[in-house]
Amino acid sequence: MTMKERITASLKEFGLPRLIITGFLVLLLIIAPFVGSDLPTQISNIINRFSWNGILVLAMVPMVHSGCGLNFGLPLGIISGLLGATISIEMGFTGGMSFVVAILVATPFALVFGSLYGWLLNKIKGGEMMIATYVGFSSVSLMCMMWLVLPYHSPNMVWGLSGKGLRTTISLEGYFDQALAGIAQINIGNISIPTGTLLFFALLAFAIWAFLHTKTGTAMTAVGSNPKFAKAAGINVDRIRMLSVVMSTWLAAVGILVYEQGFGFIQLYMAPFYMALPAVSAILIGGASVNKASIMNVIVGTILFQGIVTMTPTVMNNMIHMDMSEVIRIIASMGMILFALTRKTEASR
Amino acid sequence: MDKKRQLIFRGAAILIILAIAAVMFVIGRGHTIYFDNKTAEYDGKKYESFYKVAVIKDKEKVAKLADDERGMADLMGQTLSVTLEITDEKGADPHSAKVSMPIPYSLDGIVINIPELMAGLPAEAYMTEFVPVATSEDEEEEEVVIDEFEITDDM
Amino acid sequence: MDTNSAPLLKMQGIKKDFFGNQVLTDINLELKAGEVLGLCGENGAGKSTLMKILFGATDIAETGGYGGDIFLDGQKVSFSSPFEAIEAGIGMVHQEFSLIPGFDATENILLNREPEKYNFISEIFGERLNTLDRGAMDERAREAVDKMGVAIDRHMMINTMPVGHKQFTEIARELSKEQLKLLILDEPTAVLTEREAVALLDSIKNMSERGISVIFITHRLQEILTVCDTVAVMRDGVLVECVPSSETSVTQITKRMVGREMAGSSEKREIRNNDDAKTILKIEKLWVDMPGETVRNVTLDVKEGEILGIGGLAGQGKLGIPNGIMGLYEAGGSVVFDGKEIPLNSPRICLDSSFAFVSEDRRGVGLLLDETLEWNVAFPAMQIQDKFLKKYLGGLIKWRDEKAIREVTEKYIDELQIKCTSSKQNAKELSGGNQQKVCLAKAFALEPRLLFVSEPTRGIDVGAKALVLEALRRFNRESGVTVVMVSSELEELRQVCDRIAIVSGGRISGILPADSTTEDFGTLMLKGVR
Amino acid sequence: MKIKEKFNLRQASVPIMFILICAVCIPLSGLSPKMLINEIITRMGRNSFLILSLLIPIMAGMGLNFGMTLGAMAAEIALILVCDWQIVSVPGMILAAIISVPISVLLGIFCGKILNRAKGREMITSYIMAFFVNGIYQLIVLYLMGKVIPIKHSSIKLPRGYGIRNTVSLLSMRQKLDNMLAINVAGVKIPVLTFIIIAVMCFIIIWFRRTKLGQDMRAVGQDMDVARDAGINVERTRIISIVISTVLAGLGMIIYLQNMGNIATYTAHSQIGMFCIAALLVGGASVDKASIGNVFLGVILFHTMFIVAPRAGAYITGDSMIGEYFRVFVSYAVITVALIMYETNKRKAKSAASMKLKDAQDSEETQKSADAQEG
């Protein structure tokens, strides 16, 4: 193989869309100071948004590893997290404690929802992604009714007038707003680094990394790589897949709680609807494929994706006085997913 | 040979469709016609407005104008034909007049001054382009919503 | 049959090699119009490759074409795709059905050759918008079915049809092609009931009378003698015999099919007699539902420390035996290992009872193609026996021991001479032979007491073949592991095994010592063919 | 035969469930029969054509075409242009239809080519495709229109000088098609011309099934490999089916929007695919099988539910939002259930085949042992 061939081969492996997106972000970073946007603020923004979204993207990893494909059913896990958050507040916990309780309450929901979801996905092997999408949608719209009906009473959450039914947006002030971000926060000039959130992400990322190095984690990767091989090696394929789905769902639950503590609000009703898509495209931008993903893909992907989300509005606006960020984000992320779905070499089986 | 034959048929089909499109351009052009029953001056001469004018288009009364009023009608195509029922003074019997005139293709809105029209003046006299005045409400920047979460009510 | 005309088909000096591996050598064959040629030979003898060349299969051209000339009606032809072959009047009925399940027989018979009715819209949008002429379709399908001479319901949906009728629908499809001069039937009677098979033979005679030549491939030799004018026998890519069927017999054909010169026999090898050893595996009344390799009622004893070969023609069920026992396909019956009953349909319990299995489906079942050699070698041993793991917190955390994994992989890379850049190379980058060695290493790493090896040399080159067989023999001798080896290559079994069981029609048709004559094996192979 | 009956019952279960929901909700909604029928007739005229566009990809084995949104976007672009050119009423609609077709064809070819590269996961791909093209649509409508593509009228242009407003009024076309030849039966307005167009479309689809291309599509839909072996150009056939679907969806969207009387520029198309697919499935269709009957049954049942659910919900709980969310939930749930049924049926068909084999062997086995005992 000549040098040229090798370069073209590795470029092909990397994928044109990914290259364009990375190039685009680098370009944005270079241009930013010239068009008068403050680079430190931008970087600080990227770090912050990374810390909010990292775990939601991380939630893709277990299911990709076990061959269940991209977890378009992320909203199901998000709902578990939302239930945790609202119940924690309803129970009267405040401050950092409410965050801990939210995670504790969200866990059983995530386990139950995840198990049901995993059971379902085992019934329909091969058609996971489409059904995951619609399981997510159905559960979000079902919960829309539930948010209205469930007996919540906390005055900070229910509609003021009728005294029942949760509000669309609930402020977390006094509850777990900045619960993690506030821990050992570093502020230098315009840059503020949410050390706590980053550490929490690092902790979970390390846990997943470590899990993938254990016996069960190895089995999970093998199931994703070749289920027939795994079966012949005595692995209970369905159980491993189920485990991966439960893990993904739980991570999504924790992920939304971390997102909310950074964002400062709980968003209910239709808000979780399309939350899977940014996470899916982020991990793909990071270099993952439909059946391969690593922690590195998560970190790189989240930084790239959030970089584009935060940089484009300001830079583009300063440059050509047109805020095309939304459109660019949609085209880039959806293009990335399309690319991943149409790649034939994605799966060798 | 067959390919050629097919090419001819396809070309013909496309031409027919293009022709239909062209026809639609002509017959489908919409104009808004504003009728003014106002006193106007032309060439130093004054043309008094009428007491009352009713505009009838396709057997339907589209506007009823008192003195110094403006009425409006939608038009499709380039020929305006209406019947005007004019009452010159209070209590007088109305007399009707059939008017038919070509409308310039390029104009969206056209103001027609009835007194001048009835006086038989040339088209450039009674016909003026309608220029919409931007209202202050319009000036406000509109927030574009591309949010897809919305539940559409109408399906 | 009229014998005066010039040959319809003439194949001259046909040669074919796959990447240096000679599969066909100098085949010369002639076929007159209306003649029925029976073509037989073991699997891998080159029958299908020859037919593929004749039918213009695309994979022939993709692998470098073929040598020699084919003449059809005296004109030299060379088809680059099956469509050209069909155009020239050759039809082929494959073993796998090529039918649309939701269409009825008529629609399938005329698939993509439907008579059409003109309509104006198609002048603009192209001929595909002509409507189908259902009346004419029915008429033509009826003609084709009449030609075949077997009555089938032309309006029956394929997915509600019995298997035999599907086969007849395929034949009728070929017959509906007006230009058809030569029909190739690849084991058409394999799926038919006795009565249907008789009907098919009648229909072949009928076709022959109408002047259509037929090449009829089958393992049922009696059928060949009944219906064919000429019998051609192939072995190892050579046409060993081509005689009028009146001058041969089932015994002679059998002899020709399997009767190789004993090339490897010059080297003396011991055939151990293990009759006194204890029976370590007792299989009773085993049935396995493996598509294409159905096993029916197999009873078999395996002695401790021996190498037992299982041979037989493809599709007779020999592959089903290890796959069924190892729980990869639905199975029933009883399997007793070392006095312990092994429940079926559970790969895990088999592996726990120290069985190991090297699958014939290397890429599908045998390997993690996208993972490193290390993973491939160590994975089952890690999962089943907790090897190559470091335990922390009193065994709560079982951490992959990368160092131990590398060591064991490197050990087997040396031992089996696996050619690779490093133990971290991905399995899919290796050649077939080396992949097979990885599969063996994977099984060896389990340190089993009983090893099933299925088609260990399929699709690998000669050098690797010898290495693999040697490794198996050494493993058996040195570790005292009982080996059950399944292979379509009788010669290979005879080189390695002590006893060889022959499977035919899903049943064991006999067990012979490895030094028995090829004729004896041949007779067993063809005994219960169905 | 027994299997077939069972299958039918399974197919019918969704419509039956909807009939029950409607039966409960209609009395609770407090709508007069006249109002209800009026609404249903309106919605039938509005939506049927759009749903018909889904039939052909199903026939070609490509599943539910979530990419029909592409056609809807093409139609919206055409209507915005026609609106700016001030071509009104029915001529405006015909012109918009003529303009939308080439856009739809291009988008359809693009979509078809992408789907050919994603065989086996057409649905999720076409679903993402809809989002992707939505991005491009926004790029065109929000940034290029007024800058690159001339837009004259400030009534549809954003005050900033480029981009289209959130809503474009189609007052000049509003129900012009519906009102032509409309008749009034006992207070119920029947848009005869719209229905005639829909009926013509149905006949075209029936006719299309009998053409060579239709036959090829059915063959490709059932078994791509067999079709390819028979010489059918599988890829091209699949692309054509998506192109037809996209074009029909575009035409359907024009009918839909003339009834609505305005375009919600950035949201009108986003839900259309989902609601049309849900309606088709409610009518008893499945991912691999759909008929014209399913379309009409689906429109009636789904929209009856859609009309009555919020009112019934409000009556029961006193909160109108519950009903709104309920109908959204039902739409998604119906699609989810249909998808699950499709996938499990696929697996069931496989295991049923092996069950049959096993039974046969078992019986043979017993016979064999009986034989052995006798012998």
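A, B, C and D label the chains in the order they appear, each numbered from 1.
Throughout what follows, contacts are C-beta pairs under 8 Å (C-beta built on N, C-alpha and C of every residue); 3 or more make two chains touch, one makes a residue touch a chain.
Note that this is a predicted model, so its numbers are computed, not measured.
Chain nearest the geometric middle of the protein is D, using mean C-alpha positions. Of the two chain pairs shown, A-C and A-D, the one joined by more C-beta contacts is A-D. Centre to centre, using the average C-alpha position, subunit A and subunit C are separated by 48 Å. Averaging Cα coordinates per chain places subunit A and subunit D 31 Å apart. Inter-chain centre distance (subunit B to subunit D, centres taken as mean C-alpha positions): 38 Å.
Measuring from the averaged C-alpha position of subunit B to that of subunit C gives a distance of 80 Å. Contacts with at least two other chains are made by residues 146, 148, 150-151 of subunit B.
Multi-chain contact residues of subunit A, defined as those touching 2 or more other chains: 326. Looking at subunit C, one finds that none of its residues touch two or more other chains.
Of all residues in subunit A, those touching subunit C in their complex are 213-219, 221-222, 225-226, 228-229, 231-236, 292, 348-349.
Here subunit C touches subunit B in the complex through residues 123-124, 126, going by the rule given at the top. The touching residues of subunit B, when paired with subunit D in their complex, are 17, 20-21, 23-25, 27-31, 74, 76, 108, 132, 134, 138-142, 144-148, 150-155. Subunit C contributes residues 326, 328, 347-348, 350-352, 357, 359, 361, 364-371, 375, 379-380, 382-384, 386, 389, 397-400, 428 to its touches with subunit A in the complex. Subunit B makes touch with subunit C in their complex at residues 5-6, 9-10, 13.
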